[in-house]
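Pasting the structures in now, so scroll down.
Shared between the two complexes below is subunit A, which has subunit B as its partner in the first and subunit C in the second.
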Partner chain A sequence: MQSYISIENLAKSYGVVSAVNNISLGIEKGEFFSLLGPSGCGKSTLLRMIAGFETPTSGAIKLEGADVTDVPAHRRPTNMMFQSYALFPHLTVGRNIAFGLQQDGLAKSEIKKRIDEVAEKLQLAAMLDRKPAQLSGGQRQRVALARALVKRPKVLLLDEPLGALDKNLRTETQLELVRLQRELSLTFIIVTHDQHEAMTVSTRIAIMKQGQVLQVGTPSEVYETPQSRYVAKFLGETNVFAGGRAQRNGDELQIESDEAGGRLHAAFTDRVALDAPYWVSVRPERVELATSGSGLEGTVEQLTYTGVERHYRVRLKSGATLDARRVNHGTESDLGVGDRVFASWSPQASRLLAE
Partner chain B sequence: MTKPSWFNRLSILFGFAFLYLPIVVLVIYSFNGSKLVTVWGGFSTQWYATVLSNPSIIEGAKVSFLVAAVSATAATILGTLAAVVMVRLRRFRGRALLNGMLLAPMVMPEVVMAVSMLLMFVTLGIDRGPLTITLAHTTFTLCFATVVLQSRLVELDPSLEEAARDLGCPPPKAFVSVALPNMVPAIVSAWLLSFTLSLDDLVISSFTTGPGASTLPMKIYSQIKFGVTPEINAISTIILGIVVLGLVAAQLVSRRSEQKASVA
Partner chain C sequence: MSTVATSFEKANWGKRLLIAIPYAWLLVLFLAPFALVAGISLSTVRLGMPPFEPLTAWDGSILNLRLNFENFLYVLTDDTYLLAYLTSLKIAAISTAAMLLIAYPLAYGIASCAPSSRSLLVFLVIVPFWSSMLIRVYSWMSILRNDGLLNALLLKLGLIAEPLRILNTETAIYIGIIYTYLPFMVLPIYSNLSSADKTLIEAARDLGCSRISAFWRVTFPLSLPGVLAGCALVFIPVVGEFVIPDLLGGADTQMIGRAIWLEFFNNRDWPMAAAVTIVLMALLVVPIVYFQSRQSRERT
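Showing the complex of A and B:
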């Protein structure tokens, strides 16, 4: 089936440097799709190719089945919200928002109607006559959004749209973006390096590294079942131990790990090949610590209190470290620095990673 | 704020005197009633009357202003294009050469430039006159205009034009409707700077002129050969007045645009 937006074997190189390396992706209508990765991973280049600012070296971009690879930016039914907002400093807020509609040659009454509509939606009605320099950061961000949305694009592209906002405002704006996207049932593609942001807003996330897409999936898919150590570590925190080959034991897999200093357990799935070594990944919040019992033995080396949680860093007997977390229930921790502990987790919490 | 010490005050006074005393003396003596330049003979505006009724001076002024206006306009247009190319196109064949050629007139001795231009006009068989002066002035003021415009364009967010394109504006129109309005202060100051430089020039004008086309500085210079007269003081004061007006105007334009951008 053809996707709403399909990116086919797309590549972009600058001389010998390859920024985007043979990416294929399908994005469906109404998705809030994230391109997530560290700076320099090619996510912005990919977005700029979808917008039409960069010409791909090879490959194709299709929108509703139509090839738009060679369509210049000003004729693409996409609109972009820039990281710097790129508001026109010489025009008022109202005229900034009207700019795109004027290019389309819409009637004045229609332009006014659409501006009023979007201004109301984004609480900008009171500042249509101001210049961008007279606005706060959050207001500018809303103007930039309004200017792109008022054109009713098929796809709205957001390039690190919240990078300039402070933390509280950013969280608020993320929820606002999600609300808007649902309300307008538009397709959003957002570029971000902030995993929390990607998890909060997206229907699906593509995790990128060095010009390639490593994994695509819903936030819970990529968090719960990462397919590589890179993805596991990039999304949240995790403990990874190198292990040997997996041995099947009923519904369970057993892996000997010298690094962890013991046998690790994982749930059996038929996706696991039994003849290759694996890494075992477990999220800190899934690790249970007890003062007695079985599991990996170690001592608490560090205890951090963050309010929501307590973070324990355990030095295992094997010498490796293990992070564990406990939600703060309002009781004092029964574990202190220097205490002997046994760490364990359910087999379902283990992820076997081949790479 | 601490009060300035007597030493500070003295140095300020000395600094201002060093900069402005010659000009003040010139302006004062342009109102001198006496025919002798250094002897004060009472207040009079007679030399202004003499200047304004001197057809040769008026003719020179006309040539000068025409040349300055045309060459400043040409230099500003070319300078804008050069600045766009230098700032927006990061890599292209001959970039270093163009950059060098744009900045060369700043460091090249004026006489060398003047001689080379004269040679070129002679070789190409172009009759020397106001046209050749204008061409020569455009060449040497172009570099100053480019520098002013380039520094403004560097500060201008390149995503502004991208945003305009993204909103449906074809690239040339995006430049005109978004980048250009934000460059107006720089364009005005580039023009005024070029205009002043052209008005001021003596060496290049002298080399590239032909019979019958003398600029005001050339007229003044030829008169000075017979000694400094109060008339010269009067002309200089008039030119000074025009230049000051121009500078004040440029200042006002850029200050107003800054205020517009920073009202909170």
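Showing the complex of A and C:
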């Protein structure tokens, strides 16, 4: 089945440097899709190719089945919200928002109606006569969003849209973006390097590295079942131990790990090949620490209090470190630095990673 | 707390001193001579040295102040001067417009080059300044003469049958002025365009502008401060230009700079020359104030 937006074997290189390397992706109508990765992973280049600012070296971009690869930016039914906002400093807020509508040759009354509508939605009604320089960062961000949304694009592209906002405003704005996206039932594609942001806003996330897409999935899919150590580490924190071949034992898989200094357990799935070595990944919040019992033995090396949680760093007998977390329930920690502990987790918390 | 206050005051005094030096310079070398010229414009011509009557004279215990406004009345009613003013303004306006048309694409072209080649291109714009302006204007005389380089070339190419008379015409004045002043128009426009935010153009394209309409709706309006600075840098000195019309122009094109020179050195009528100068200043204040207010408005 053809996706709403389909990216087919897309590549972009600058001379010998390959920025985007043979990416294929399908994005459905009404999705809030994230391109997530560190800087230089090609996510912005990919977004700019969808917008029409960069010409792909090879491959195709299709929108509703129509090939738009060679359509220039100004004729594409996409609009972009820039990282720097790119508001026109010589025009008032109202004229900034009207810019694209005037370019489309809409009637004055229609332009006014649409501006009022979007200004209402984004609380900009009181500042239509101001110049961008007179606005706060958050207000500018809303103007940039209004200017792109007022054109009613088929796809709204957001390039690190919240990077310039401070943390509290950013969280607030993320929720606001999700609300808007649902309300307008538009397709959003956002580029971000912030995994929290991607998890918060997205219906699906594509994790990118060095011009390639490593994994695509819903936030819980990519967090709970990462397919590589890179994805596991990039999304949140995790403990990874190199292990040997997996042995099946009923519903369970057993892996000997010298790094962890013991036998690790994982739930059996038929996706696991029994003749290859694996890495075992476990999230710190799934690790349980006890002063006695079974599991990996170690000592608490560091204890950090963050308010929401306590973070424990455990030095295992094997020499490796293991991170664990406990939600703060208002009680004092029974574990302190230097205490001997046993770390364990349920087999379902283990992820076997082939790469 | 007190150390903060003193260091702040020190900085403040340093700042004042920095500003005071150029102001003192302007006061001594511009305002004072200007006051002298203004004084001379109100006196009466006489034979001798200096060639004008003093404005004040003691009559016993009475100090008489004698201000002669005849020169101003003459300047403002005489057709020759009026024509010279109008000619100067016309030549300045037309050559400013022509320079803008030449300089803008040039500056735009340089600004859109790769940063590595930009500095070379800007350098080439400034290169003519390395030789004296007078020498360059003299070179134009030999280029534009009836038996000069230009005519020789055109004759050789068979484009004309007999030499064109360019030297000592208004055309030669335009050529000389545009050639001489062009860098002053190019540089401020270039400096503005090269620091322009390229993502604004992308934003305009994204919102539906073709390259051409993105230029007219975004690039050009945002470059207006540079355009205005260039126009001011060129228009104001060209109105009072003396060397170029004197060397390249003909007897029939009287610009006001030349009129002042003739009045001072040929007629030795200093009061009249001073009055012509003062009126020219008054005329130029209008565009200067206009450019200044536009600039400060652009900034807000």
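Everything that follows uses one rule, which is that the second predicted complex is superposed on the first by the 355 of 355 C-alpha atoms of A that agree within 3 Å, B and C clash if a C-alpha of one lies under 4 Å from a C-alpha of the other, contacts with A are read in each partner's own complex, and residues count from 1 in each chain.
Here is the rule we go by: a contact is a pair of C-beta atoms (placed from the backbone, for glycine too) under 8 Å apart; a residue touches a chain by one contact, two chains touch by 3 or more.
Bear in mind the structure is a predicted one, so any value in this text is a computation, not a measurement.
**Q** Put subunit B and subunit C onto subunit A via the superposition and say whether they clash or fit.
**A** Clash: subunit B and subunit C overlap once superposed on subunit A.
**Q** Figure out whether A:Asn79 sits in contact with subunit B (first) or subunit C (second), or with both, or with neither.
**A** Both partners, subunit B and subunit C.
**Q** Is A:Thr304 contacted by the first partner subunit B, the second partner subunit C, both or neither?
**A** After superposition on chain A, A:Thr304 lies in contact with neither partner.
**Q** For A:Phe53, using the defined touch cut-off, is the partner it touches subunit B, subunit C, both, or neither? Pick first, second, both or neither.
**A** Touch status of A:Phe53: both partners.
**Q** Given the touch rule stated above, what does A:Asp104 touch, subunit B (first), subunit C (second), both, or neither?
**A** Both partners.
**Q** I'd like to know which partner A:His90 touches here: subunit B for first, subunit C for second, both or neither.
**A** Both subunit B and subunit C are touched by A:His90.
**Q** Which subunit A residues are contacted by subunit C in one complex and by subunit B in the other?
**A** Subunit A residues touching both partners: 51-53, 72-75, 78-80, 82, 84, 86-90, 99-100, 103-104, 147-148, 151.
**Q** Which positions of subunit C touch subunit A when the two form their complex?
**A** 197, 199-200, 202-210, 213-214, 217-218, 221-222
**Q** Give the list of subunit A residues in touch with subunit B in this complex.
**A** 51-53, 72-75, 78-80, 82-84, 86-90, 99-100, 103-104, 131, 133-134, 147-148, 151
**Q** So in the complex, which bits of subunit A are touching subunit C?
**A** Contact set of subunit A toward subunit C: 51-53, 72-75, 78-80, 82, 84, 86-90, 99-100, 103-104, 147-148, 151.
**Q** Enumerate the contact residues on subunit B facing subunit A in the complex.
**A** 157, 159-160, 162-171, 174, 178, 181-182, 260-264
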